[in-house]
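Chain naming follows the written order as A, B, C and D, and within any one chain the residues start at number 1.
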Amino acid sequence: MNALSFIPLLLALILSPLLFGVINRTKALFAGRRGQPLLQTYFDLWKLLQKGAVYSRTTTWIFRAGPIIGLAATLTAAALMPLGNFPSLIAFPADFLLFVGLLGLVRFFTVVAALDTGSSFEGMGASREVFFSALTEPALFIALATLARQTGQLSLSTIFAASSDAHWPHFEPVLALTAIALMVVLLAENARIPVDDPNTHLELTMIHEVMVLDHSGPDFAFIIYTSALKLWMLGALVLGVMIPSSGGNPWLNLAMALGGMFGLAVIIGVVESVMARLRLLIVPQLLVGAGAVATVALILTLR
Amino acid sequence: MTLLLFAMAILPLGAVVVLLSSRSDRNLSWFGAGSVVIAAVLGCIPAVQVLLGGAAVQLRFPWSMPFGEFFIELDPLSAWFLLPTLLLSALSAVYGVGYMRTWQGRRSLGPSWFFYCLLVLGMMLVLLARNAVLFLIAWELMALASFFLVTFEHERESVREAGWIYLVATHLGTAFLLAFFLLLARETGSMDFTVWAAKGVQAHELAGILFLLAVVGFGTKAGFMPFHVWLPEAHPAAPSHVSALMSGVMIKTGIYGLLRAFTFLGAPPLWWGWVLIGIGLTSGVLGVLFALAQHDLKRLLAYHSVENIGIIALGLGVGLLGVSTSSPVLIVLGFGGALLHVVNHALFKGLLFLGAGAVLHGTGTREIDHLGGLLKRMPWTAVTFLIGAVAISGLPPLNGFVSEFLIFLGAFKGGISTGGAIAVPLFALIAGLALIGGLAVACFTKAFGIVFLGEPRSERVLHAHEVDWTMRLPMLILAAGCVLIGLFAPVVVGSLKTVLKSVTGLQPEIVTENLATAMNPLSFVVIGAVAFLMLLALLVLLRRDLLARRRVETDVTWGCGYVQPTARMQYTASSFAQPLTDLFRPLLGTKKKVTLPSGIFPPEAALKTMTPDVSHEEMYRPMFSRVNEWLSQLRWLQHGNVQLYVLYIAATLIVLLVWKFR
Amino acid sequence: MKHEALLWLLILVPAVTGALALLLRSARTILGTMCAGVGISVALGWYVAGKVLVSGPVSAGAEWLYLDALSAYNLGVMLLIYGLSSAYAWVYFGTELREEHLTLKQARLFASLWCGALAAMTLVFISNNLGIMWVGIEATTLLTGFLICVHVTGESLEAMWKYILICSVGVAFAFMGTLLVGASTHGLGLRAPEVLLWTTLHAHAASLNPACLKAAFIFLLVGYGTKAGLAPMHNWLPDAHSQAPAPVSAIFSGFMLNTALYCVMRYVPIVEAGTGNTGWGLRLLIGFGLISILVAAAFILFQHDLKRLLAYHSVEHIGIITLGVGLGGLGTFAALFHTLNHSLCKTLAFFAAGRLGQMFGTHNMTKLAGAMRVAPVWGVGLFGSLLALIGLAPFALFMSELQILKAAMDSGAILVLVLFLFGAGVVFVGALGHAIPLVWGKTTATVQPARAGVLETLLVVLPLVLLLVLGLWMPGPFQTALNAAADVIRHVNPVSAVSLGGVTP
Amino acid sequence: MTDLILVLVMLTNLKLLASSELGASIRVVAVQGVMLGLLPVLAHVHDLSLHFAALAVGTIALKGAVFPWLLFRALREAEVTREVEPYVGYITSILVGLAALAASFWLGGRLPVSTVGASSLLTPSALFSILAGLFLIVARKRAVNQVLGFLVMENGIYTFGVGIVAEMPFLVELGVLLDAFVAVFVMGIAVYHINREFDHIETNRLDRLKG
């Protein structure tokens, strides 16, 4: 790894909260409002870090550990995610296994922490969380397998380098399908519409938000930052497939990637403005559908 | 080798002494456990030596028994299985001392410890025997001893039922093994494993038959679906330290047998790999799904054994595909992953069963929905159980991740480079293993979260107590094992070299170079893990620093506006798992009994779910009753009428005469 | 010559004891004398048998009495069982005397018939003349007939009647068979006294008339098979075993069945040689063996009465032995080994059933539930013997069945192997299903736990230990003895001790 | 001469199958016994030895006198109607008997056992007696009848024995006779007991033990 391979990590750390700002702005525009400042998430984080905390008597150290483990794991994962064709800080064959594993760890402790409160609402959220993620996992893996087989590479960095080069013209259907699947995974994993509505006000309909109801102060800050990073990383994954970057100038390339990233945020915003959350019973079909799409792509690579 | 003999001599001696000592003897348990521990220590030394590249040691005594010979050998494969076996035997024994204290005085513990020692002896002999007769005797000894351990609480109907199912299953499995061994013996004209390995089987269809016999025979012990029916019955019925031993290592003797069998059967055709991957996926996915649907903590764990055996089978399948396509990387990663998972599963499943035992010991119930909030009352048990839960979910940085990483890596490496015949099963494996992982997380967040977190769901929990050190220590050691293997993954994987060499018969350097393809990624994984832990520490400090200057209050859980939350309002295990069990209802056949609230002031509302084992209900029960009906047709033979009886005799005579003289 | 005298003594001692029993005036002394008499004949018998097994056959009375490895081995086992059962009878009827269930008259009847039966069975084993052998079998039938109804009840009478009638018919066939064998010697110019001598026939086997021999063997097989309890001629067996007093049942399935089977074994080599070693007779044996195993398996599934269950187990195991003999070679060896194992095991099982029956006052298994708690010693005995009976290692029956399976596999009789495994599997499932609640179930009857005396404990421990030892270690001399005995039956392709693997004795 | 006796034996068998009255059956069996007693004497009329003489006397005494007496006694104690109580009607029985006769000749033809001097009817009639005896046991309800059936079987076997009597050691013969005697004796006692216990001797009603 060279100095450049710090770039994806640094960008993720610095810019990821901005994505929420962009998304909210987009939604505000669609709603015809001015909306909150782009940097709102940063302000929130700062504010929360200054605050004290309230803990439920029911809870134990698990509840306090949840956000910390979550953030630590996500930060580690961030070191594994390249951007454009800048390789990630830590890149090795099958590094995506560790990446997915760390996300799993985050989920495990978020869920456990939610259950620690003994609140039925958070239990419900936890239940849905594991339900949906259990279904997204195969889709994600099949997509990764497709990319790996298509490019003959086993590390995210090399996969991106390979897939975003001259390959597009040859096997765009494969990449397109994979991208779609990954996009659904992204929406599901980050609790965005149409899977989950981040800013609903009825706990019964929430998934991710309801799990963190009882967190406050720095813990909540960690949680927000965690989800921002998560969004960024999965976004990077989708972009890695979609952005056809001329292998030439890496900086141009990076610029495209960043543009893509915020474009993605805009798209999410648009999606959230134009469609409503799916009924919970429909969501599994969406996720399984994503898996199916990914499988089709995989089969195409097997020709 | 002499050490091994000593170990094997101590066990029966200890057993007999324990059996003969008076039932009121308080040190009886210590004596039984002690002899197991000593035997384990003695046995581990040679095993380690062999694994560190020492030469395999043989020992043959004449044994006055037709076709029998007391021929034992400690080669790397045996050693690899022997090590966890002895370790877990010793730890469970120590745990058992505390666990069995409940029955002290009410019940003579002599027999229990007697059979415990015999079980350990049986497992050792199974792993070491190189003569078919000796192997079978040891195999049956193992089954019989564990049967008596399972039926320790035989005054309970359910336990007796479980014992019956267990012994029947394992014995029918043995029937297939008999056919397997005798067929081999007929082909090679010997009962000697070394001869079998040397000669191998030439005829292909014969090898196929043998393979299937072995899969059924050994698979029954290992718990492959659909031969797994005895696990969910026997494991909950047995005392917890026994469940730990059985689920942790005893079922692995089935895997060992399978691996040993592969060394006899010559070059495998592709379909063997497909069969194993198929079995692995079925066992893995269905195992974890059934686990998700259980309310009984130990039953849940039992189904997870099925799941993990499935994962091991996947590894073996990858390895076999590698052998039949002679691609060393698949061989090494597949078999390596399987072998490593054997050890890992022994550690975390042992740990989890001991934890479940501690919960049972402390609260007197295995019903997940009656528990809750135990973390405050049983901190040690809780922490170790959590470690086990994370490990079995295959999450970094613990050991479960490492072995699954190997299998995944193998599948990916094979998948990206090969043609459909191999790539398709491998990709199926990847998708399946991913699904298994996701479901496992669901299942163990449920198990840990509902049992140890939240508020107590029944007054049973209120006077729960932490277990004493004899039970705590083993759990701690096992938990430490899970962490260490996770953090020293490359080293551990490196130690696979000798055993892989002896299983696959590849050149050492080939093994080494292919192991390297797994070892340097793993070293990065370790770097990641370390980074993670350091960040963790940093964040802890940061948080403490932030909160130091701020107000930190405690209050009731936010009830979304509801002011008087009670423990009974909490989410239960059934409701937690409900979305998934609903989705997979077709596979699970979960039965639901709902009493919806009705009226303005609903008097009652209830939800009962139960998930009986499908293959037990749909396959074996009908099969048995069919055979039963079919055979009861013969009842009229014994009609009670003497004239009829004489008629049979006359008829027999006449028929024979006519048949032979026509 | 000393052995001659001994051979005569072997019959005389029990006969005299039986007569003596009729004269004595106290039930206790009668039982005592009986045990003493049996004890003496056991000592004598083992001595002679040992001599024969070590140093070849002995004969007496102008070749009419003859003891070779086969008969010596069977005699030895029979005496072992008889000894154990007599000791047990002392315990069993001792209890009945204490509870005044046994009158002096019944005691006399029992003791004299018991010794008579011993004499008759001994006669079967030591007679070289096949006619006399037949007489012995018929005698056992008639003598043991009354043993079934020592206590006269409706059921016991019914059982006795069926037993007497069916077995007489069967044994009559056996006599027809014997005559046919005699008839097959036409043209050899044998003199009357030696025409039915086994040794003679065995010597001239090859030149006997095959057609006659075949007919003879069919008659013999059906006839003696009836007495041995081979399906479908076994129907008398469950009734008799369930109704007879426990010691008698023990002897019945412990060795009377084997005695009849022994007679068949005697003819096997003659018939084989006479039919040109085509395995004509052996195939018949295999057939009967398998049928017995399967029929027994079917009936074991739905038994309610413990002693009937055990009776069907006898049918199964006699079937297994027959199957082994039919397979020849290693099978014969294993069959003889199985004979000992089964007898030991089944005797113990009947002992336990009997004592438990006395305590609970029933043999109904649902009422016997929880036997282990009421009578630990006998509970252990029952459970141990049942587990051994269904073929669990490390008991000896596992080894012998394994060897029979191997014989089947090596001779390529896959179908036999599969059917045997199927039958054994069904038996295992069924019998275990009965056994577990039987020993551990919820006790329904109100029976006060009974302490078992030293003798009783010994009666339980001894067979179990023997079964365990034989299951884990077959002494070299014993192995040679078995081989010698087996070679009497299979003079075709004898399996030498060496090819058995293990140590060469 | 022998042939005549053998034919008579066959006829007696048929008569037995047809006879509806116990007493009559017993007498018929007695007659059959006497004839069989004479058989060896006539077969070896020219070389008559002590062996045969003794055998003949013994046989006639037992089969002709002792057995009938025992059976009549049992019958008297049983104090029952002397009706035979068949499963199978008499006409049918006769037909079955004839079929059995045919079968016996068929099988007898395939067993080359007839000795020099002995009649060729020997084996068939022996087999016929055996089958007839079996049929009596199976197709009649009364215990006494089954004893009779057993006796007829024994007679059949004896007939066959005569065929090769030259090779049969005397001792064996004796033992056999003795056994037959004891058998009938035992059965007699059994019948007596059964009758006292159940006050009937219809063995088809002895079916408590089953399954």
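We take it that contacts are C-beta pairs under 8 Å (C-beta built on N, C-alpha and C of every residue); 3 or more make two chains touch, one makes a residue touch a chain.
No experiment lies behind these values; they were computed from the predicted model shown.
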item: Pair joined by more contacting C-beta pairs (C-D or B-C); value: B-C
item: Centroid comparison with chain A (C-alpha atoms), farthest chain; value: D
item: Chain A and chain C: spacing of chain centres that average the CA atoms, whole Å; value: 79
item: Intercentroid distance (Cα basis), chain D paired with chain C, Å; value: 31
item: Rounded Å distance between chain B and chain C, as computed from the means of their C-alpha atoms; value: 44
item: Length of the line joining the C-alpha centres of chain A and chain B, rounded to whole Å; value: 36
item: For chain B, residues that touch 2 or more chains besides their own; value: 635, 638, 642, 644, 646, 657, 661
item: Multi-partner residues of chain A (each touching 2 or more other chains); value: none
item: For chain D, residues that touch 2 or more chains besides their own; value: 110, 134, 137, 146, 203, 206, 208-209, 211
item: Chain pairs that touch, as defined at the top of this document; value: A-B, B-C, B-D, C-D
item: Touch list for chain C against partner chain B, complex; value: 161-162, 165-166, 169-170, 173, 211, 214-215, 218-219, 221-222, 226, 232-233, 235-236, 238, 284, 295, 297-299, 301-302, 330, 333, 387, 392-394, 398-399, 402-403, 405-406, 409-410, 417, 421, 424-426, 428-429, 432-433, 436-437, 440-442, 471-476, 479, 500-503, 505
item: In the complex, chain A residues that touch chain B; value: 49-60, 62, 64, 68-69, 71-73, 75-76, 79-80, 90, 92-95, 97-98, 100-102, 104-105, 107-108, 111-112, 114-124, 126-128, 130-131, 133-138, 140-142, 145, 148-149, 152-154, 203, 213-214, 217-219, 222, 284, 291, 295, 298, 302
item: Interface residues, chain C side, partner chain D - complex; value: 129, 131-132, 134-135, 138-139, 142, 145-146, 149, 152-155, 157-162, 164-165, 168-169, 172, 175-176, 179-180, 182-186, 190, 192-193, 195-196, 209, 211-212, 215, 238-239, 242-243, 299, 302-304, 308
item: Chain D contact footprint on chain B (complex, rising order); value: 635, 638-644, 646-647, 650, 654, 657, 661
item: Contact footprint of chain C on chain D as seen in their complex; value: 110-113, 115, 130, 134, 137, 143, 146, 150, 153-154, 157, 160-161, 163-164, 166-172, 175-176, 178-179, 182-183, 186-187, 190, 193-194, 197-198, 203, 206, 208-209, 211
